[in-house]
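You will see two complexes here that share subunit A, one where it goes with subunit B and one where it goes with subunit C.
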Partner chain A sequence: MTASPTLAPSRRDSTPGVLYSPAVRLIGRRLLAAIPVLWGVTLLTFIVVQALPGSAAQQLLGPNATPEQVQQLEAQLGTDRSMIVRYLDWLGGVLTGDLGSSLSDGRAVTEVIGSALGVTAELVLLALVVSLALTVPIALLAARRPGGVVDRISMAVSMVGLSIANYVLALVLVWVFAVQLAVLPAIGFVPIGDGILDNLRSLVLPAIAIGFPLFCFYTRLLRADILEQMQGQDYVTTARAKGIGPWRVLTRHAFRNSLFGLLTIVGLNLGTLIGATVIIEQIFALPGVGRELLQAISNRNIPVIEGIVLVFAVVVVVANLVTDLLYAVLDPRVRHGNT
Partner chain B sequence: MPSSTRVCAMATPDAAAPLELAGAAAEPVRRRSHLTESLELRIPIAIIAFMVVLCFLGPTILGLPAPIGGDILDSNLPMFSAGHVFGTDAVGNDILSRLLHGGQASLEIAFAVNLIGLVFGGGLGALAAYWGGRLDPIIMRLLDVLIAFPSLVLALAIAQSLGPSKINTIFALAFFSVAAFARISRAATLQLREQTFMTAARLSGTPAWRTLLRHIAPNILPGLVTFALLGMGIIIVLEGALSFLGLGVPPPAPSWGNMISTGQQTLSASPRDVLLPSAFLFVTVLAFNLLGDALRSRWSVR
Partner chain C sequence: MHRFKPVTFGVLSALVIALSACGGGGGNAADGSSSNNGADNPPAAKSGGEITVLEDSGFAGAWPAGLDPATNTNGAANQPMMDTIYGQLFKLVEGGKIEGELAEGSTLSSDGKTFTIKLRPGVKFTDGSPFDAETVKWNFDRSLASPCTCNPKSSWPKLENPAVTTSGTDTVEIHFTAPFAAISRSFISANLNWIASKTSFDKMGEKAFKQKPVGAGPFTVVSNSPSNQLVVQKNPGYFRQGHPYLDKVTFKSIGGDQAAYQALQAGQADAYEGMSTPALVDQASKQSNLTTTQMLSTSPYVIQLNTSKPPFNDQKARDAVYYATDTEAIRKGLFNNRYPTSQTFTGPGGLFYKPTVPGYKTFDLAKAKQLVSEMGGMQVTLGTINVLVAKQTTEALQSQWAKAGIKTKIESYDLAGLIKAFGGPWQSMLQTAGAWDPAIGVGVGFRFNSHSPFTGVKDPALDKLLAEGSGTLDEAKRQTIYDEAGKLISDKSYAPFMFAFAPANLAVKGVYGPGLTTKLPAVAVNPPVSWPDVYKTSGTGQ
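This part shows the complex of A and B:
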């Protein structure tokens, strides 16, 4: 049954040896479980993209191409073969680490993704760092006095942040900071090699557009979790009975336990986060993976679409796995297998 | 076999995750007065009712011009022009009329998507959990595939393969809403299965369909309905995103998303074209989120 927790290692774990350690078994099991999911994702993508009207050859040659030209290019690109053959061909390539080459310019898909991934990764990382750096102190202050001023303001602000679409936020930010105040660039990307300050300036607005809703979401969650710990847990009562100050109980006891909940959500939410970069990269004209993807979809560039979707899916699966492992590292109960 | 985080994942399907869990914060911490509590429900309901009436009846009652086919000679009129309260856009269409008709599209799509999700997803999840057996892992793996997929990406691909239209947008978004509802309803049903009254029903020979309809459905519905309300906000935003990328409601027909997208090109010259539809979008989504949140704390579902 899928609902049963597997972090609790089975009884046979007394057997010594690395292969039998709960962590290794966990990794193995999760990786095995991930294979059919990843395979399903690639198949689904292939079928969906296949259903797109128009072919890559058609898109490349434009509307004035003759049917003969289209046929010729299709033969050249290999897209005239049947769907099953092409899928199996692609799948075979993936197993040997070859993601194929882009239909539009012949570059290797790994190269296309590689050059764009850095931009997206920096954007996501920046958004995560900013949101988490704000979440922790604000959630702690809010939880210190539930119903107090900080709590009410932060809850109201976070409700607003959760209700604002990221593309709306992005445009409002552009309007305020690039059009009205003219302090930050509206669009474009400066590579980190051209100066770290300019690089950061070009990513500030997109990172806020992604990070602010994220911050609101994390803050609500962390606050609720801390309050739950503070209200119902025996260890909190014990700590209080020992005479430990309320702030210390909050930060050293309740907060440390609530971190697990936050960690899980950060890991699980990475997929949504990547989805958000697609539209934000489009608005800010950032040369990231999301922009490549949109372009590939409109060009019917199947190898690139497949490659990017696969990378996204792998990131999500790996993030979930790492989350679980961090649990094991951070939580002695899980580490020693006596949950 | 998945891990404990998977249990969490079940209740937090991809796109829906932010609001789904964030609502947990709504649990009453202090004892709130009866008035505050009823206002928490009534204000969002009033806003939503106002929006619905405004969008669906407004154009007729206010005698607004059609949202498309405006006169090019009337283009780019400023706010508060005679006959055009919010002015006109670059091709001379009345902006208020476009906002309200766009709202119709957003609300219809969001309602349809959530209804489909509630009925099909809710049913699928309950069936998978109730019958379990071999069906359950198959259904769950299929949903895993959808969850491991960045939702916007598949919606984009589906919307583009079917061509932009209102019905196709509903279809593209329903894909995810079904998966999301199925996960929630499955998790809720699994919890119910362990309860004594379910054992009692089973022992007294209640047929499966009756158990599902009379015992499971009433118990999981509050959770699903709150999720649907939060889902309204999510779908309105996602529909806007699709339209924004040119894959939702096809222009010239208005939707908040494609109005924002068109307005983006003239952001510095006339920010109104972006800010007005954004404001409508924001207020509507906020109202649905507040209502979902208030209902969640009232029904104390998580």
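This part shows the complex of A and C:
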């Protein structure tokens, strides 16, 4: 696994001060690089939504509306202006922290997102926890004895998990745990303020529906990476020669190096993870951002779509940055620039 | 009015439907138009309790524009929420009759041009302000100016100026320039049926009002999270003594039939309105803990043919489609005879229903083949809205028509795409046509009147008949006129009709109510449930 050269300290790093630390400079560079990325994402989204048939006014008014009624509402909503004017207007608002207003009900987009973001954030976090909490022990056990019982079972389960769409899995989970066993709720969200246990109960099935396919993917990847480390790396041979036990070599040496690959994939997969919330929130009737996004697309509510896509893009950019920073935490070579 | 549903979601959830079948209880299977499996003799009504009602997020469960009658552009779909908050001026009861609710009564002048509404005395809004004629007029003026599908003006004759006047504190009049027979019926599911408090509106402002509106209905709003959840509680000052029965109703938006069915089975909800996936309706009707009520259909599916463009500007091509279409095979094979046949624009739940039309061209493959051969082959595009029943039907039609030599390309649209497609060179569309009363809502004129943007027919004779049907006050004469219109459509082969679809309502045992566990016509896709009369004797819900 190679370390990022961007974190290597330069001569100027000998100067005391946080601003010159490699981590801060990395963050600065990444944030600057993120600006064109975010701009590109918003522009592309705007163009794609424009290309869809129908308009917000038409969607709001329905099939009975006359062209005059549609025009009247478009004028009210400001959607009769050219695409460029509307985009620049929106972009100007973004620069001042104003994401615009929902075309459906006039609420500020920040309010729409703010009221739903907590649910999605909690769901994503829980899905991540579910997937990683299962991945690590099972991948370690599978890699300990390749071809053994745990390895075979985990591979079979992974195949199933990777083959099944998460919305089908969601329905199966509901049928088993909510309908048949009646141990978990089928729909709805309980805010954390109403009791942490009920809150977690309301998110367990959606989190599994999202997290399980990821667990399957991560397990295969981590297992393969650990096996590669165990079979071909000099430091493993050295450790064994020192008389360190196989389990300790696996967990303290090989696993630690394999974590880089896992971290990279988790960071890159965050977009997929967030994307999965759109359909899962719909099935479990969770009032999250994904559900808002689906409704906004259905209503051609461009300010809300743009706002949510922008927030998602920022989250993915930040997550990737955090992943890079974690390299430094995990690998002293990166931390000290000894690549 | 159409529902938005991801077809793929329904199809792929077949696995879960199959799994769900393992937990089946007693009850009867689907038996055609009716599958009510247990609410025939409901226990006596009692007060108290609360229920959770699920609404499809693609239809009734979407209220993105808020709940103000004049600005809720999805009002016709949001009847459950609107009716609980505002009550209704007029309500539809079993037997297809209209009764006054917040209106004490109404009369139509002998020339059919003036509709007089007498308001119920002593009614107050939940903010304490009086429910009087001035407030009703203010509501009517706002609602009639609204660019909304639930604004009934599009199916009304031209209005006089002024259109709405008052007389005293309890009488409101609507004035037309031409007679209109279906005026009282046109209130059901229209925004004029919901009266908002002007006092609260002025005090709160439009933006706040639409989020937490105030009416004189059986319930008041506790909380509203748009297109997610609406909680309403009993209005103790509701004018009907002892009503509503329930203390609280929670409407929850849910992503489709399968998720709703499972939530009911898991005991997390008490009712679901508008189940339209046939396999799930069949499955639900076998569950002993559920009452499944197949509603009365009013709008049959029809294959609209664009008579202004080839090949359907030639009656020979239209005849070929009539003969190549085996409706009975589709009804039986795909939908287990659940939806009754209709050869014209009326359904069994609607007024003026006639299932058959004399001389209607039914399936005859040999004749279809011959006509297609005479035309040197046929290639057509068949469009439809992206809902499961419509999608399945178009695929079946494609297969049937292929046997007659007609090559068919299927186009499936969301609502916006469908509207756009009607503005282009479309050839045929599978749609629903008709209404509870053909003269109102998305009635026959919507699909067949020359002036409608959604018609494939421009026939002055048919226009004349439809105008007469709307303006004639005598019901028997109206029946004759609509029979003639159906015959004309059939003779000219303007559009083969198929079957009259209607959704089903599901309720857990212990929850009962008119329209929920009894059959009512599906006026705007879903039937108008009478929420003040819904009660709970037990149940698994919250």
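Quick note on the criterion: the second predicted complex is superposed on the first by the 310 of 339 C-alpha atoms of A that agree within 3 Å, B and C clash if a C-alpha of one lies under 4 Å from a C-alpha of the other, contacts with A are read in each partner's own complex, and residues count from 1 in each chain.
Just so we're on the same page, a residue touches a chain if its C-beta (ideal position, glycine included) is under 8 Å from a C-beta of that chain, and two chains touch if they have at least 3 such contacts.
If you're wondering where the values come from, they're calculated on a predicted model, not measured in any experiment.
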Problem - Superposed partners subunit B and subunit C on subunit A - clash or fit - result: clash
Practice task
Mind working out whether A:G147 is in touch with subunit B, subunit C, both or neither, as first, second, both or neither?
Solution key: first
Practice task
Please indicate which partner A:I187 is in contact with in the superposed arrangement: first for subunit B, second for subunit C, both, or neither.
Solution key: second
Exercise for the section: Mind working out whether A:V179 is in touch with subunit B, subunit C, both or neither, as first, second, both or neither? Expected result: both
Practice task
Once the structures are superposed on A, label A:L38 by its partner contacts, choosing first (subunit B), second (subunit C), both or neither.
Solution key: first
Completion exercise
Max touched-residue count on subunit A (subunit B vs subunit C) belongs to chain B
Problem - First (subunit B), second (subunit C), both or neither touched by A:Q295 - result: second
Exercise for the section: Applying the touch criterion given at the start, work out whether A:V317 contacts subunit B, subunit C, both or neither, answering first, second, both or neither. Expected result: first
Problem - subunit B versus subunit C as contact partner of A:G275, first or second or both or neither - result: first
Problem - Touched partner set for A:L171, first subunit B, second subunit C, both or neither - result: both
Practice task
Would you sort A:S82 into first (subunit B), second (subunit C), both or neither based on which partner it touches?
Solution key: neither
Practice task
Across the two complexes, find the residues of subunit A that touch subunit B and also touch subunit C.
Solution key: 52-53, 165, 167-168, 171-172, 174-175, 179, 279, 282-283, 298
Practice task
Enumerate the contact residues on subunit C facing subunit A in the complex.
Solution key: 1-2, 4, 9, 12-13, 15-16, 19-20, 23, 54, 57-58, 62, 64-66, 73-74, 76, 147-149, 151, 154, 207, 210-211, 225-229, 252-256, 258-259, 262-263, 265-269, 413-420, 442, 446, 453-454
Practice task
Spell out the part of subunit A that touches subunit B in their complex, as residue ranges.
Solution key: 1-7, 26, 29-30, 33, 36-38, 40-41, 44-45, 48-49, 51-53, 146-147, 155, 158-160, 162-165, 167-168, 171-172, 174-175, 179, 213-214, 216-217, 220-221, 223-225, 227, 264-265, 267-269, 271-272, 274-276, 278-279, 282-283, 293-294, 297-298, 305, 309, 312-313, 316-317, 320, 323-324, 327
Handout entry: In the complex with subunit C, residue positions of subunit A that touch it
Key = 52-55, 58-67, 69-70, 72-73, 102, 104-106, 115, 165, 167-168, 171-172, 174-175, 178-180, 182, 185-188, 279, 282-285, 287, 291, 295, 298-301
Completion exercise
subunit B residues touching subunit A in their complex are 1-10, 12, 14-15, 17-19, 21-25, 27, 29-30, 132, 136-137, 140-142, 144-145, 147-154, 156-158, 160-161, 163, 187, 190, 233, 237, 240-241, 244-245, 260, 264, 267-268, 271, 274-275, 278, 281-282, 285-286, 289-290, 293
